[in-house]
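Here come two complexes built around subunit A, the first alongside subunit B, the second alongside subunit C.
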Partner chain A sequence: MTDLRPSDDEFEPYEEDRGIPLPVSWIAIALALWGIVMLYHNNRSVMIGRSERSEAAKPQSRDVGAGGAGIFLARCATCHQPNGSGVAGAVPPLASSPFLKAKPEVVVQILLHGIDGPIRVGDDVFDGHMPSFASVLSDDDLAQVANHVRKGWGASQTISAAFVAGQRARFPDRGAWNGGSEIAATLDPTLPPQPAPRPDAGTGIDPAVAGLVQHGSGDAWACASCHGSQGQGRANVPRLAGLPAAYISAQLAAFASGSRRDDTMTVVARALSQNQRETVGNYYAGLRTPSTARPSLDGDLERGEILALQGDWKHGVPACFSCHGPSGFGVAPGFPALAAQHPAYTADQLAAWRGKVHRASPNDVMNMVANSLSDSDRRAVADFLATLPPVPAAHRQEPVHGRSVAR
Partner chain B sequence: MNRILPLSILALAILALATLMLVVVPGMQINAQPATPGLQPYTAIQLRGRQTYVSMGCVYCHSQQPRSTDQGPDGERGWGRPAIASDYAYDSPHLLGTMRTGPDLSNIGARLPNQAWHLAHLYQPRSVSAWSIMPAYSFLFEVKERAAPGDVVVRIPNGRGPKHGVLVAKPEAIDLVAYLQSLDRTMVAPAHAERDDGYAKSER
Partner chain C sequence: MEPTIGLLLALSFLVSLLALTFLIWAVSSRQMAFNQAQARTIFVAGEEGHADNPGISPNADDDTHHFDPARAGIDAISARPVTILLTTAVLWLVVGSIFGLTASLKLHWPDWLGDEAWLTFGRVRTIHLNIVIYGWSSLGLLGVVFWVAPRMFHTRLRHPHLAEVGALIWNLALLAAVFALATGWTDGEEWLEIPWQIDMLLAVASACFVLPLLRTAAARNVHHIYVTGWYWMAAICWFPVLFVIANLPGLFVGAQQATVNWWFAHNVLGLWLTPLGVGAGYYFIPKIIGKPIYSYSLSLLGFWALALFYSQVGIHHLIGGPVPTWVVTLSIVHSVMMFVPVITVAINQHVTVAQNMWAFKQSIALRFVSLGAICYTLASFQGSIEALRSINTVVHFTQYTVGHAHLGAYTFLSFTLFGAVYHMMPRITGCSWPWPRLIPVHFWLVVIGFTVYFVALSIGGIYQGLAMLDATRPFADSVILLKPYLESRSVGGALMTLGHFVFAAHFAAILLQRRPAAVSSAPMTQPVVAA
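Up next, the complex of A and B:
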């Protein structure tokens, strides 16, 4: 037998041809299959995400289909009561209200622009604080709810969506009606005599307060530099316009004492005197600014509505509106308005209550509520509250500065 | 070495495939995305500030990429909606960042639009937040006897400013703050924008 190998000088090492071991092949095949499955899963996730966003981007049709009665229960009955009786001394009754028996444009204009001023219904004078529904309800929705209240408690003449559209175009720039007297003078002189309108809130502002708010003083940065020129707020900077004056000054005192924590606000609050805190509170309480809030936390709006209106007693959560007033309009002096607040701020505060960072609540009520809310509940309720119209309604409907103004 | 040609071809083919799948295809996907509607290109001063942001190493501690609600509570922190690819249309290179030693800055211009706050905070972060671990960028400021016309005078709260003279912001500080103020991606994200849907489940 002869050695066929070349001599050592010429020898080039090589590996004998050995097949890939079977387990390695199996592992390779399994990995490839796993990769394909992951690609498929990821693709599915992308598809689901896209279809959900496209679905969410469509106009909210929560109230449509329920008709005028459904819209009335969701939007109006929290203040005016399901039977239209109102609340003595606070909310005017709808039953037998002369405003519902008047010309059809009266009720439509009130729904479109809201009321911010004294109004007489029957024998009682009310301090009117009705929000504007122009931005949250469509012409068709407004026509349905107007027909519902007029058929129940006023005239039987039917209002069409086209009529609402015409009324919407009639005063495009105006804000809330300054009480019953302006409505009577502008829309229907046959209404019963109305109390004198309130003097314009914008006229009585002390220039020193305006300077403090717009330019700051000493260590205090200008309020407007973060909260916006009209107190509209942004992101997790809260909206201040229309909050109770006593609430604002109490929060400033809490920031100064450290019972409510926020680094920036502590610096500002400590630089303000007690008197300045009160005047700043009065200034923001008097502002009438359109809402710039919109849902942005991917919260479940229907769940948020349930939490706000009814609470969730299974988890020990009371309805937000049971303390913060119907439709989250706030109850002076202690309970701030929640309607039209920015969702990032609301959810952030709820998380802060839960973490005991925030302790400025009487008897730790909010700490207990926040402890019962899950992360998705916080987002749901914060997003829902952002969809509500602000109270008091805006004086002018002009857009507020800020690139993210929604609707 | 045996079969050097097939080996090189195979190696190059693997490299080419990886480049195609990891660079070319994602690049085409991303470049097909227009800028988010409402997103503004940077101005000259903001671009100078962006250079300062890069050179100061801000990106090592601050990300610019809010996550979706199923990945983290970024929305509740006020950091903004989840980022989409087209939010970075004017960023080259992007400054996404990987570390969050400090808060996300994607929308810092929306939630803190105040120049005076930013200047005071850059000079001495502890003057605003006593517990902050951010370095003080006091070398972006100078102390002068009195301010010249056009100088931006900075007030430092809580008595942490210089004891004598006035504190004036150097141009780098003003540019940097202009860049921070421009960071605002709060505009509505288009439904079909490119983004990470890794955890989306169909429950609704």
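Up next, the complex of A and C:
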């Protein structure tokens, strides 16, 4: 530092050997220590993350392991009531139901395929709408819940998971049972007399609608190219099967007018006439498709269940089901089904409500609800809704023929 | 099994740091006696102590522009390969800038030139990247290497024809690569887009440069190898190895392929272009100022720390990706450890300039090189910080990263090269720059252009990242908000491109002009005129 401008002919600037300046050494040592801690800590954070995940996984399996009572409370008691009394005029009672006392395959088949038709329990006739649990419960879970209801209110014979598996394989492709009479005729003739089944409403699908859905026309791309050949959806493309017809056509109108934002759907919806929107809505409303949704957002399922069933009034969140119907099956025409919806879509939509991208909600209800939900709440409730069975399944309609559309 | 991975990593990291410390201690303590001589190896007797101002006032100082006869013979031999390398580099710079500006405009004029497949964004951007990296930066810095190395080693360039053959193959391969990319024939990985069949040609070309440099170093007439020599010899040996391993077809698949992809993509910068550029800075800064570098112990630490840390840096591009967490963490730690070599280079280079600001004001070549060195410091600090998970979460996949890439690849490498070319060309051709006033025009065009470019992308990128992270905002918001920043980037890019046109025209003029009678007496320029 002393003499940095030597004379031209005598250039001897560095007599002293200039070592590494002390601050540089200190910085290097500090960075090295940080690096060692980081590398060691990385391992710890991986371990902590792993143990958290395994702990989070435990209560679920324990809950299921706790047996049929737990599954019953989570899955059945919303409609059938915790004491199995049902709801007069709406939901058949389980207590002393002849269907529980009948052959074991009766209860298993009802759980597997659901009911969509009139059914007599005791002296009352109900317009039965029970979802299929085939896609959301395992053979073991189904056996446990069947044993729980039968032991509580019917027979004592034990049903095994293997038996459920056998029953599952018996009618692999069928839709819901068309009321009590079909169950009696097919499974157990000893059941008390049942009302006549509803005439089969599943008339053929209009080829024009099928063409629109499967192949599209002009700017209206094939719905199936994103929403799947059965309207099952995937990831953040919503499941359409079983949504109310009026809801679907209202959404198409909202996309066309721009009051609901989505670049793809705006193009498609603008290419559809009002009439086409309605026929597409009807088509999907009548489509019965097993659930393909599974929890995928690492959401807390217990928290999601509380939000869906009871809400969180501390934060001003009403129960989802108070508007969207028991079990999240939706209430036509305004409230879409939530059950079996893909969690990425549900969470995305809740985020969009919060961001005021959507403004179509009556009285801004959904904006207010979504504002009160944190990111983890959105994931929790979306994941929980994905575990629910889809809207009650009717007879499978004639499969829509057409080449599977590449996605 | 789990605890051992973290422990093993931390321990092996510690051991390698201790080994590095020992290495530097051993080398520096053994060489203490030479320190004085080392610092002076780049000067011919009598040359030190003078500001070396390239060609702007050619007759100002006898010593700076007239070479020792022994050295004149040296320059005459290297002039031909160097002229080939630099001329093709400047041509690629012009073409690459046009492609870069086109890609930038397309981001806010999406329908412009959209009818031809080869003019779509995906191809134009890819062509821009490969031209500026392999055409402009690589060829230009190789030109600097083959000009400076013989002077540094006080001996003529060995195998000059091999270097010429290498330059020829390299240019042909790059031309083929540009056509391949334009037609859509690509390997499909960023930084490794060139089809591997053409890569093999590039690998052969890069191997042609190894022997001339190493043989010249082996035949040197100085005892000590100056720090620039370490960087250059290391880089010229690293590149063929990196390039061949990363381009071996069919060897890596899936997540492994992505890992090798980014290992290469950062190493082509860190172990090829960066050492070439840092080496050039280490040579030209003291050369032009006429004062030696601040500390040789720092040079040692800087070089070996770069060699140790840089090779693992690339995997920070895969934060959140499907590779083992420890691989990513190791890469982040190494990225941050890059502070060490960068600080050492910064002290060595900036202190020398800061103590001689008169030279910075006087010499525009020094201004380019020194600004390049400052941007190396800034880009490296920025890169280390960007590798941290918390920062990466916001700026990854945004235009911020593009701004950072240009701070490194443009201001550091290109500014260094501009300065080097302004310094070298009068000595290669024996002519002074014909229009000295164009040099500041070029300087201010690229400096202002880049400032607009960098500021716009850095601010826009952060807003873009925050918008993308916010789940309550639709994705389109993150695109729409960028528009003014992308337009500013095009303005900055247009200024830079204009500056390159000025530079290229000036370069062509000095290359083609008839030598003024006053200078033609110097015999060493004859072969250049023939070329």
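As a working rule, the second predicted complex is superposed on the first by the 306 of 407 C-alpha atoms of A that agree within 3 Å, B and C clash if a C-alpha of one lies under 4 Å from a C-alpha of the other, contacts with A are read in each partner's own complex, and residues count from 1 in each chain.
By our rule, a residue touches a chain if its C-beta (ideal position, glycine included) is under 8 Å from a C-beta of that chain, and two chains touch if they have at least 3 such contacts.
Note that the structure is predicted; figures quoted are calculated from it, not measured.
A.B. asks: After superposition on the shared chain, which partner residues are touched by A:31: those of subunit B (first), subunit C (second), both, or neither?
C.D. replies: In the superposed model, A:31 contacts subunit C only, not subunit B.
A.B. asks: For A:263, select first, second, both or neither according to whether it touches subunit B, subunit C, the two together, or no partner.
C.D. replies: Touch status of A:263: both partners.
A.B. asks: One more residue to check, A:219. First (subunit B), second (subunit C), both or neither?
C.D. replies: The answer is first: A:219 touches subunit B but not subunit C.
A.B. asks: After the superposition on A, what does A:355 contact: first (subunit B), second (subunit C), both or neither?
C.D. replies: A:355 sits against subunit C, while subunit B stays out of touch.
A.B. asks: Using the touch definition from the top, say if A:237 reaches subunit B (first), subunit C (second), both or neither.
C.D. replies: Touch status of A:237: first partner only.
A.B. asks: Which partner chains sit in contact with A:345 here, subunit B, subunit C, both or neither? Use first/second/both/neither.
C.D. replies: First partner only, subunit B.
A.B. asks: Of the partners subunit B and subunit C, which touch A:375 in the superposed model: first, second, both, neither?
C.D. replies: both
A.B. asks: Using the superposition on chain A described above, determine whether A:42 touches subunit B (first), subunit C (second), both, or neither.
C.D. replies: A:42 sits against subunit B and subunit C alike.
A.B. asks: Looking at A:253 after the superposition, I want to know if it touches subunit B, subunit C, both of them or none. Which is it: first, second, both, neither?
C.D. replies: Touch status of A:253: no partner.
A.B. asks: Overlap the subunit B and subunit C contact sets on subunit A and report the shared residues.
C.D. replies: 12, 14, 42, 45-46, 50, 263, 347-348, 351, 375, 378
A.B. asks: In the complex, go through subunit B and note every residue touching subunit A.
C.D. replies: Touching subunit A: residues 2, 38, 68-69, 73, 75-78, 80-81, 107, 110-117, 128-130, 155, 157-158, 184, 186-188, 191-192, 195, 197-202, 204 of subunit B.
A.B. asks: Hey, which residues of subunit A end up touching subunit C in the complex?
C.D. replies: 4, 6-9, 11-15, 17-21, 24, 27-28, 31-32, 34-47, 50, 261, 263, 347-348, 351-352, 354-355, 357, 375, 378
A.B. asks: Which of the residues in subunit C end up touching subunit A in this complex?
C.D. replies: Answer in residue numbers: 2-3, 5-7, 9-10, 13-14, 17, 28, 32, 35-36, 39-40, 43, 46, 48-50, 291-292, 294-298, 301, 325-326, 329-330, 332-334, 336-337, 339-340, 343-344, 347, 355-356, 470-474, 476.
A.B. asks: Which stretch or stretches of subunit A touch subunit B in the complex?
C.D. replies: Interface residues on the subunit A side: 12, 14, 42, 45-46, 48-50, 52-54, 56-57, 216, 218-219, 221-222, 225-226, 234-237, 263-264, 267, 271, 296-298, 343-345, 347-348, 351, 375, 378-379, 382, 403-404, 406.
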